[in-house]
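Read from first to last, the chains carry the letters A, B, C and D; within each, the first residue is number 1.
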Amino acid sequence: MIKVSYFARLRELTGKPGETIDRESMTVRELLDWAETAYPGFGKDTVHVAVNEEYALKEDIIQSGDICAFIPPVSGG
Amino acid sequence: MIKVSYFARLRELTGKPGETIDRESMTVRELLDWAETAYPGFGKDTVHVAVNEEYALKEDIIQSGDICAFIPPVSGG
Amino acid sequence: MKPFEIVETPIEPQKYSDYVLHAGAGAVTVFTGHVREWTHGIRTLYLSYEAYIPMAEKKLAQIGAEMEAKWPGVKAAIAHRIGEMHISDIAVVIAVSSPHRKAAYEANEYAIERIKEVVPIWKKEIWEDGEEWIGGQKKYPEKGIE
Amino acid sequence: MKPFEIVETPIEPQKYSDYVLHAGAGAVTVFTGHVREWTHGIRTLYLSYEAYIPMAEKKLAQIGAEMEAKWPGVKAAIAHRIGEMHISDIAVVIAVSSPHRKAAYEANEYAIERIKEVVPIWKKEIWEDGEEWIGGQKKYPEKGIE
């Protein structure tokens, strides 16, 4: 089970703040592909993934129990 | 009559905040020479003169009634 | 207050400059980012900021650590507000103290640039005739965001 | 308050940042210069500042005009305190607002450099074993100070 959170534009696109994906492990790249398929217009090429509150690379492996977040382009300040 | 003010180190050196010089007109250079003679150690090469609250050049002419100030190196901030 | 925090209430800059001040500090710079009425000719009614709060606070603290490593003697505090904000409200405050002024300016400017790069906070602009989530259009970098 | 002033009582930075803030301002920088305990290994007990007040206020206003000319959209306020000040007291505050952050940083730093060049204010440092008027050792420039 992998937990994912959506923020900002992605929260509005998916209509939810987050959900649980029933997978034991997957790469960040696979997670982004999954999101793009589940939510057309997700824009995976502009979205980062944080795993346990740290930015992850596309090759990084996500394990069951990890807390993930999709991070669209930030605009703080 | 030309009024002059002394600040900081120069106020302590001369022992007064200012005085009046009994002259009708003189250049800034002449005023600095006068001060150096009157107060040994005045340090005229490091002192600016303001005439009516504006920095003056050594060639500028001071007239009777002008308000002058000797400005040692500043150190605000 | 925490020195690196996300808050939901109005920001008081004095709290953060008081935090960074100490007997060895000769210079303090405080930057505040405010909601501006006009951007590119479009009138903003208000803004709404959202954050991934725990990660955002971690990233703010990381930026503080970067500043203190790059400019020895610098002490920093940063807060970002989230929720709805109106014209002139403070969205972000960066307070920096330093023995000397140069580092206080440089480290402060470094902080705001880094915030805009790595801190998971998002701004939505609400205008008279619409609204939009603002965000850079950068592609996913091969080497990750850092 | 006046936007460019010499004061004899403690400086409250908020007054000056409030003064420069307006609906078009997206960024405000506030610099405060503080009395530091140690300078070049010598412990300062306190400082005493003196000014040629009317000329100093005129020069602060001139610096403000220079800033607003160099960085269009910038609005500035500057105050310098005189008299005795102790560790951490604020000697000078520079508040700058601007539509965008870059100019707010640059104009603020420009102001402190100019203050140190042209404003008739003098600092005396009082240590445990002596005191001295501080001042640059520059020679009189041929073309005047500007």
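We take it that a residue touches a chain if its C-beta (ideal position, glycine included) is under 8 Å from a C-beta of that chain, and two chains touch if they have at least 3 such contacts.
This one's a predicted model, so the numbers in the text were calculated from it and none came from an experiment.
> Without chain C in the mix, what are the joined groups of chains?
A | B, D
> Computing the C-alpha centre of each chain, which chain sits at the greatest distance from chain C?
B
> Round to the nearest whole Å and give the separation of the Cα centres of chain B and chain C.
So the centroids are 49 Å from each other.
> If you average the CA atoms of chain B and of chain D, how far apart do the two points sit, in angstrom?
Chain B and chain D have C-alpha centres separated by 24 Å.
> Can you list the residues of chain C that touch 2 or more other chains?
Residues 33, 112 of chain C each touch two or more of the other chains.
> Quick one: which residues in chain B touch 2 or more of the other chains?
If we look for residues of chain B contacting two or more partner chains, we find none.
> If you go through all the chains, which pairs of them touch?
A-C, B-D, C-D
> Per the contact definition, I'd like the list of chain B residues that touch chain D in the complex.
5, 7-9, 11-12, 44-48, 50, 53-58, 69, 71-77
> Mind pulling up the chain D residues that touch chain C in the complex?
Against chain C, chain D makes touches at 13-14, 17, 21-38, 87-88, 99, 101, 104-105, 108-109, 112.
> Looking at the complex, which residues from chain D come into contact with chain B?
So the residues of chain D in touch with chain B come to 33, 49-52, 54-56, 58, 80, 91-92, 112, 115-124, 133-140, 143-146.
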